[in-house]
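Order of writing sets the chain letters: A, B, C, D and E. Residues in each chain are counted from 1.
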Amino acid sequence: MPDQFLFATEVFINGLMAGVLYALVALGFVLIYKASGIFNYAQGVMALFAAMTLVGIMNGQVPFSHIINAVFGTDIHHFGWHVPAFLAILLTVGVMVLFAWLVQRLVMRHLVGQEPIILFMATIGLAYFLEGVSDLMWGSEIKKLDIGLPQGGSFWIEDMTAGLGSDNFYGFFIDNLDMVATVVAALLVIGLVLFSQYTKQGRAMRAVADDHQAALSVGISLNFIWVLVWSVAGFVALVAGIMWGTKSGVQFSLSLIALKALPVLMLGGFTSIPGAIVGGLIIGVGEKLFEFSVGPLVGGATENWFAYVLALLFLVFRPQGLFGEKIIERV
Amino acid sequence: MFYRESGDFKSSYEQDSQTFPIKFDRFRYYAVLAIAFLVVPFVINDYWANAILLPFLIYAIAAIGLNILVGYAGQVSLGTGGFMAVGAYACYKFMTMMPEVSMFVHVLLAGGMTAIVCVVFGLPSLRIKGFYLAVATLAAQFFLVWLFNRVPWFYNYSASGQISAPERDVFGILITGPNAPAWATYMFSLIFLTLCAVIARNLTRGTIGRSWMAIRDMDIAAEIIGVNPLKAKLTAFAVSGFFIGISGALFFSVYLGAVEVGEAFGISKSFLVLFMVIIGGLGSIFGSFAGAAFLVLLPVVLKVVGVDVLGWPTDIVAHFQLVIVGALIIVFLIAEPHGMAQLWRVAKEKLRLWPFPH
Amino acid sequence: MLDAAKTTDVQAETLLEVNNIEVIYNHVILVLKGVSLTVPKGGIIALLGGNGAGKTTTLKAISNLLRSERGEVTKGSVKYRGQNVHESDPAELVRQGVIQVMEGRHCFEHLTVEENLLTGAYTRSDGKANVAADLEMVYSYFPRLKERRKSQAGYTSGGEQQMVAMGRALMSRPETVLLDEPSMGLAPQLVEQIFEIVKSINEKEGVTFLLAEQNTNMALKYAHYGYILESGRIVMDGPAAELRENPDVKEFYLGMSEEGRKSFRDVRSYRRRKRWLS
Amino acid sequence: MQDGYITADGRKIGGVVMEMKNITLRFGGVVAIKDISFDIREGEIRAIIGPNGAGKSSMLNVISGFYVPQEGEVWFHGEPRPQMRPYEVAQQGIARTFQNIALFEGMSVLDNVMTGRLGHMKAGLFSQALWKGKAEAEEVANREVAEKIIDFLEIQHIRKTPVARLPYGLKKRVELARALAAEPKLLLLDEPMAGMNVEEKEDMSRFILDVNDEFGTTIALIEHDMGVVMDLSDRVVVMDYGKKIGDGTPDEVRNNQQVIDAYLGVSND
Amino acid sequence: DLVFPSLSYRTGPYAAGGIPFADGYADYFTLLNERDGGIGGVMTKLIECETGYNTEKGVECYESTKGEGALVYQPLSTGITYQLIPKVTADNIPMHTMGYGRTSAANGEVFSNVFNYPANYWNGASGVVNYLLELNDGDIKGKKLALVYHNSAYGKEPIRTLEELAEKHGFELSLLPVDHPGQEQKSQWLQIRRERPDYVTMWGWGVMNQVAIQEAANIRFPMENFIGVWWSGAEHDVMSAGDAANGYKAVTFHNVGRDFPVFNHIQKYVVDTGKAAGAGDQIGTVLYNRGMYAAMLAAEAVKTAQGIHGTADIDAAMMRDGMQALEMNEAKMVDLGMPNFGPTFNVSCENHGGPGLVGVTQWDASSQTWSLISDFKATDGDVIGALVAEDSSAYAAENNITSGCN
C-alpha cells in the first residue's frame, strides 16, 4: 500500500479518536440542553472543576488553603493523606451532585420560564463563578492527574501494522488513552440514550426543555429534574475532565475544551446524544484530514476554524444539525 | 415627584416618537451630554482616559452594535471579536496606505469594511437560527482571527504579526500614538459614540427597527405579514458590523495602539461584548451603555477595593473578582432578566406612581 | 341538565379557598384587587369575566404558576384543604391533586401526542397498567388524538393541541382541575363534548372543577356555581341557575336581550355599555 | 370571471379575486388538504369552517404562501400566482391574523400595529439613520393611519403597553389592528374570536363588518362559533379532514346533512 | 521609595508560569529591604498588578502604577510589551523585557526606553542551532529541524531567524503552528512522526508545553533531540509527562537549581519571616529563578543609576540611564550570592540587548531537576544583528523616530 494512503488512514483513525474526546465534552452540553433548553456555557469549567476536585481529593489538598493561609497567617496545604483513585472519583461525583443541587437552588429555580438567551447568560455567570471558586479552592498551578489510565502510543498496534507500508511507515500510531476514552464514551452514550428515551424521567426531561410552565403544570418538578440533569452533566464533565486532564495536566485551559465541543454540538444537533458522538467523529476526522492535506498549503493551524466552518456547512443543509430535533416552524 | 408624564402633553406624533418624550429625561440627557463634552475633557488625565473612559466609550459602541444584532434583530452572534478585528485591521491598512487622510475617515471606512464582512458572515442566518446561529458565528470568529494571523499582508509583513498604530491626526490634533493627548483621544471616541448612539436610536425607532424586532420576536409571522427576512437580517448585520468595526478600529488605534489579533480579538472579546449587551439589556441603547460601564468599571472597582483598600494579594483578588462578577451576573439576571435598562424602566414606572406602591 | 337542587348537596366540604388575594406583576402592575372564592369538593365552579378580567391570573395564583411569570401574590391567602399552598411548588400541588390546564394549549411541541399524554401521568405511581387504561380512556374521549398519536404535538392543529392539553391533565387522575378556557378553538360538537366529559368525570369520580370560561352559556349550563370577575374584582356570584336568570348576565354574557338572541350582524353599536364597575 | 351581485343588506359583492384550484397539501403521511377548490369574491365575507384538524388553518397558510401545496394552484386576480415567499404575498395586499396569536411580544401595541404598515414605508437606510426628511415625514403619516385603526378598534388606552402583558382577548384585537394597518385588500382571519365572551364577540363582529363595509375589504374567516359564522358570512366553505364537504350560503350549509353530521352536530341553536 | 511595578499573572491560562516568576521578582526586593534596608538606603516598594496575561488589563495596570513613580516595567507578556513600547517612550520610563517582547528592541538607537538584555528570542533560536552544530561537530547540513510554535506573535518570533540560519547552515526547517491554548496537538505530532525530523524545537507557552512533551513521549520521539525555548523549559512543563520527559532540553539565559547562596538568604530573610510572596515552595524552580534574576538586574541597574546621578532616590529617567550603563560581571554576581547565575554582559546605548549568550538545560526525571549542560555561549551575531537592524529601522520609519544615541 502506498505510504501516503497509510498516513491518511492513520490521520483518519486519530481523528476519530480525537473526535471521541470532543464528544465527551459535547455530551454534557447535550444533556443539559435536552433537559432544559439551556446552552450551558459552564460545561467546560465544570470539567475543570471536577478534575481539580478529583486531584485535590486524591492528594489530600486542603481546599481554600490559599485564602485560609492569607487570612489567618497559617501555613496549611495538605491533610497528609492520599485517597485512592476509585474512592476519590466517588467523592468527586458527590461534590458534583452537591454542585448540581446548588445550581438548582441558587440559580435555576429563580429563572424558570425565562428566555434561552437569559439562561445562557446565567450559565456564563456560573462559569465565571465556578472558575474563580475552583482556583480559590485548589489553587491555579498545574496538577498532574494520574488515576492509572494507560498513556502513550500502543506498541502492539504499531508493531502489528508496521509491515503494511514501506520503510518510511512505522505502523499506526494509536494512543492508549484515546482507546480508553473511546470505550468510556461508548458506554456513556449507550447509558444516556437508554435513560433519556426509555425512562419516565427522560421524557420529563424533554418536556421541561419544551415548556417550563407546562411542565410545572403537569407536576414535573423542575427542581428535581434540574438537579438530576446537572448531576449527570457533572458526572460527564468529570469523565471529560479525567480524560483531558490525564492528557495535559489539570489547569485552567481545561475549561477551554468547551470550544472544541461547540462545533461538534452544532453538527450533531444540540439535542441528540448519538449526535454528539457522530458529530465528534466527523469533526475529529474532518479537521485532522484537512490539516493533513490542506494545512501545509495554507500555513497550518487550521483546526480551530475548520471545525466550525465544517459544522456551518452541514448546518446550511440541515439547520438543526444531523440528529437534532427538527425546529418546529408553525404559525 | 418630578417624574411626571402628566402635564407633559404631546400634540403631534413627531413629539411622541422623540427619543425622550418626557421633559425630565430630556433635561437629564442634555446635562449628561454637556458634562461629557464640556467638562470631562478639561479634567481628564491619562489614567482616566486609558484605563476607564476609553474602554468604556469603545465597548459601548461595540455593545450598541451587537445589541442591534442580538437585542433588536434577535440574531445571536459570537463573532464580535472577529468583526472588531476586521475593523482594526481595516483601519490599520487604511492608516498606512493613506497616511495623509484624516483619522476620522479611516475609522468610518473601517466601519464600512466591517459591515461588508459582517453581511457575508450573516448570510447563513437566513437558514440557521438561535444557538445554532450563535455557534455558527464562531466560525467567523475563528476564521477571521486565523486569517489576520496568517496572511502577512494584513500586518504589513511585520516580524511578529503585531500591528501598531502610527501617529495620525484630525485637524492637526494627534489622535493615535503615545503622544496623543488624553482629552483628544477621549473626545474622538466620544464623538463616535454619540454618533453611533444617535444613529442606532433613529434606526431602531423607525421602520427598519420595527422589522428587526418583528424578526426577532417571531420570524415566521413577521415574514407572513410582509417583512422581508433577507433584508431585515442583512441590514441588521450590516449596521451592527458598521458599529462593531468602528469600535474595533478605535480599540486598536486609539485605545491600545498595538494589537495582536488572537489576544486582543479572541473569543473572549466576543463573549465580553455579549455580556455587556445582556447585562445592560437586550434591545435597549441605554442598556448598551449601562452594560459597558458595568463590565469595564466593575473589575477596576473590585481591584481597587481589594488590592488598594483592603490590601489583599492580587491573585486572591483576581479570583474573587471572577467569583463576584459571576455571582453578580446571576443576581442581576434573577432580579431582572431583561437587564439594567429594564431595572431602570421599572424604577421609572414606580417613580411615576410615587408615592403609591402600585 | 343541572338544577338548583343539585347545587345544594355539593355544598359539603370546602376544598379550595381563595381569600382576598391581590396579585402584582413585575412589581408594578396590580391585576387582582382582592379576589375571594371558595370551591366545594365535588363542585363545578365557573369563573366568568371579560378579557383581562383576571381569570387566568386567579387560576395561576392558585396553582402557583404565577411566580414563573414574575407575578406575585402580595396579599390574601390560598388554601387547599385548609392548608396554605402559597409556598408550595406547583409540582407539589399536582401531587396533592390540583392540576391546571393552561390557557393557550402549552403542549410539549417536540414530544409526540402520546408522549404528551404520558407526561400527564408523571406524578402517578399506580403502575403502568392503570396509566395505559387511562390513555385508552383519553383516546376514547378524543378519537382524533388516537389518529395523530405519533406526530409531534407542535405539528398538530390548534384544536388538536387543546385536546392534548385536556387529555394530559386527565391523565394525572386529579382531584381538582383548574381549567382555563377549555373550549377555546374547539369545534362546536367538541365544546359540548368537553363539557359532557367534565360533567361525567365530576359525577362519576367526584373530581372538582374550577373553570375559567368565556363561553358563558356553556359554562353556566354545566357549572353549579359561578363567579363573575371584572377588572380584578369579583362583582357577582351565585348559583349558576340564578346567574343565568340575572338580566345583566343575560345581556352581557349570554348575548340575550328581552327579545332573545340578537344576530351578530345587527349589533350596530359597539360603544361600551353599562358596567358593574368602571 | 363572474360578475358580482348585491346582498340582501345592500352590500355589493364583486367578481372572484382569489381562487383555489384543486389544492392538495401533504405533510409526510398526513394529508391536510385533499383536492380542494373554492373561490373568494371581492368584498365578501367568506367563512371556512370544519372540525378540528380539518385543514382550515393550513388553507390560510397556503393562501399566504407559507405552505406550498404539492398540487393545485392559487389564482389571484384572475391569473395563477407564481410561487412566492410569504412576504411577497403580503405585499400584494393580503394580511392575516393567526390562530395561535403571533404578535411581536417584545414590542408595544403601537409598534406592533406599525409593523403592519411596513409595506407602506419606503424611506432608505440613510434617511432613517439621520431621522430627517423622508423617514420622519413617513413615520408621521403612517402613524396617523395606525392611530386611526387604534381608535377604530378601541385600543387607545394600551397603545404603549408591551403586548406580552395583554390578556388573550386584547391580543386578538391587536392582531386584527396589525392586519388592518396594512390596509389589505384581502384579510384572512384565523379564529379571531376564540377566547372571547359574547359581548366581546359582538364587538369583534362589528369591527369585522365595519372593515368590510367601510374599506370594502374582502375577508376570509375561520371560526368555530356558528352564531358568528352564520350571521356574518356571505358564503361558507366546509372542510372535513382535508376534504371539502360543503360550500354555499349559510343557510345552504346549515341544512346540508353531511355538514351536520361532520361538524355542526344535532343540537345547534 | 523605589517603586517596582510587577505586572504579574497569577490567574488565567498561563498562571502556572506567571506565579513562580512573580514570586521570584517580589521575593528578591523583599530580601533587599529585609537584609540591606533597600538599595542604597532607599527602601524598595513592589506594586503587584494582576494582568491575567491580558493586554487591556496590562494597560490599566500601567496607567494606574505609572503615577506612583514606577522605575521600570516588566510586563511579562509580549502583547503588553508591544502595547507599552510607545507609551513608556513617551512617558520616559524604562521597560525591561527579559527574554521576550519585541526582539528588535535590542537596538537602543530606535527603542530608547526598552531593554531586553541579556538575551532575546533570536538569540534563543540561534542558541538552539548552535547547540545542534555543537552536537554534530559543526555540520548539520541536510538535517531536519521542526519548529513547533504557539501561533501568536510570540511563537512566530524565531521563524525569521531560523529561516536565515537554515539557509546558512543548510538544514531543513519545517513549521508547525499550534493554536492557543494547544490542548490538542495530534495533527502536529503525527506529522512529526511521519517526517521524522532529527530535532524538534519548541516555542510554546502554557498548556501547550505539557501537551507537546507528552505527545513527543507518546510517539517516542527521543527527548534529547527536543529542545524548547526558555519559556518551554520549566518544571511544570515536564512534570506531567513523568519519566517519559527525561532528557528533554531547553535553552536558557540564566542558571537553574537552588544551589546559590542567595537562596539561603531568601529562605532566611524572606520565607522564614513569613514575608514570601507565594507559598515559598517555588524557590529554585526555573521560573522563580528567572523572576529573581530579573529583579536582581533591576536592582543592579538602580545601583548603577544611583552611582551615575549621585542620588539614592532615583526617578524613572535616571533608572533608564542606569539600565543603559549596566555592567554585569562575575565578581558582582559572586558578591550577590549568584555565582555564574547568568552571563556577564554590558549594556550600551546602541545595544539594549546584551551579548545574547545562551546556555542549554536538561531535565532529569529521576531527580526531578533541571541542570545546565552547556554554558552560556555566544549566538550568531551576524544574522541576528542584520535582522534587528532591519526590523528596528522599519519601526523607526513607521513611527517617525530619528534613531541615534544621545
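One rule holds in what follows: contacts are C-beta pairs under 8 Å (C-beta built on N, C-alpha and C of every residue); 3 or more make two chains touch, one makes a residue touch a chain.
All of these numbers come straight from a predicted model, not from anything done at the bench.
A.B. asks: Strictly by the touch rule at the top, which chains does chain A share as contacts with chain B?
C.D. replies: The shared contacts of chain A and chain B, listed by label, come to C, D, E.
A.B. asks: So which one's got more C-beta contacts, B-D or A-D?
C.D. replies: Higher contact count goes to B-D.
A.B. asks: Give the label of the chain whose average Cα location is farthest from that of chain B.
C.D. replies: So the chain farthest away from chain B turns out to be C.
A.B. asks: With centres defined by CA atoms only, which chain is the most remote from chain D?
C.D. replies: Ranked by distance of C-alpha centres from chain D, the top chain is E.
A.B. asks: From the C-alpha centre of chain A to that of chain C, how far is it in Å?
C.D. replies: Whole-Å distance between the two chain centres: 45.
A.B. asks: Would you mind pulling out the distance in Å between where the CA atoms of chain B average out and where those of chain E do?
C.D. replies: Here chain B and chain E have centroids separated by 37 Å.
A.B. asks: What whole-number Å value describes the gap between the mean CA coordinates of chain C and chain E?
C.D. replies: A distance of 75 Å separates the two centres.
A.B. asks: I'd like to verify one number: the distance from the centre of chain C to the centre of chain D, where each centre is the average of its C-alpha atoms, in whole angstrom.
C.D. replies: Each chain's C-alpha centroid was found; their separation is 29 Å.
A.B. asks: Mind pulling the residue numbers of chain B that touch at least two other chains?
C.D. replies: 146, 149, 220-221, 224, 313, 315, 319, 322
A.B. asks: Could you list which residues of chain A touch at least two other chains?
C.D. replies: 135, 140, 299, 301, 304, 330-331
A.B. asks: Which residue numbers or ranges of chain D touch two or more of the other chains?
C.D. replies: Residues 66, 98-100, 102.
A.B. asks: According to the definition already given, which pairs of chains are in contact?
C.D. replies: Here the touching chain pairs work out to A-B, A-C, A-D, A-E, B-C, B-D, B-E, C-D.
A.B. asks: For the complex, which residues does chain E have touching chain A?
C.D. replies: 10-13, 15-16, 19, 151, 175-179, 181-184, 186-187, 190-191, 193-194, 206-207, 210-211, 214, 217-220, 236, 239-240, 242, 244, 274, 279
A.B. asks: Mind listing the chain A positions that touch chain C in their complex?
C.D. replies: That would be residues 112-113, 200, 203-204, 206-207, 209-224, 271, 325-326, 328, 330 of chain A.
A.B. asks: Considering only the defined contacts, which chain A positions touch chain E in the complex?
C.D. replies: 7, 10-11, 14-15, 17-18, 21, 69, 73, 75, 77, 135, 140-142, 144, 146, 151-153, 168, 170, 173, 175, 244, 247-249, 251-254, 256-257, 260, 287-288, 291-292, 295, 299-301, 303-304
A.B. asks: Taking the complex as given, what residues does chain B use to touch chain C?
C.D. replies: Residues 346, 349-350, 353, 358.
A.B. asks: What part of chain C is in contact with chain D in the complex they form?
C.D. replies: Chain C residues touching chain D: 25, 29, 48-53, 56, 103-105, 144, 148, 151, 155-160, 162-163, 181, 184-192, 214-217, 252-255, 261-265, 267-268, 270.
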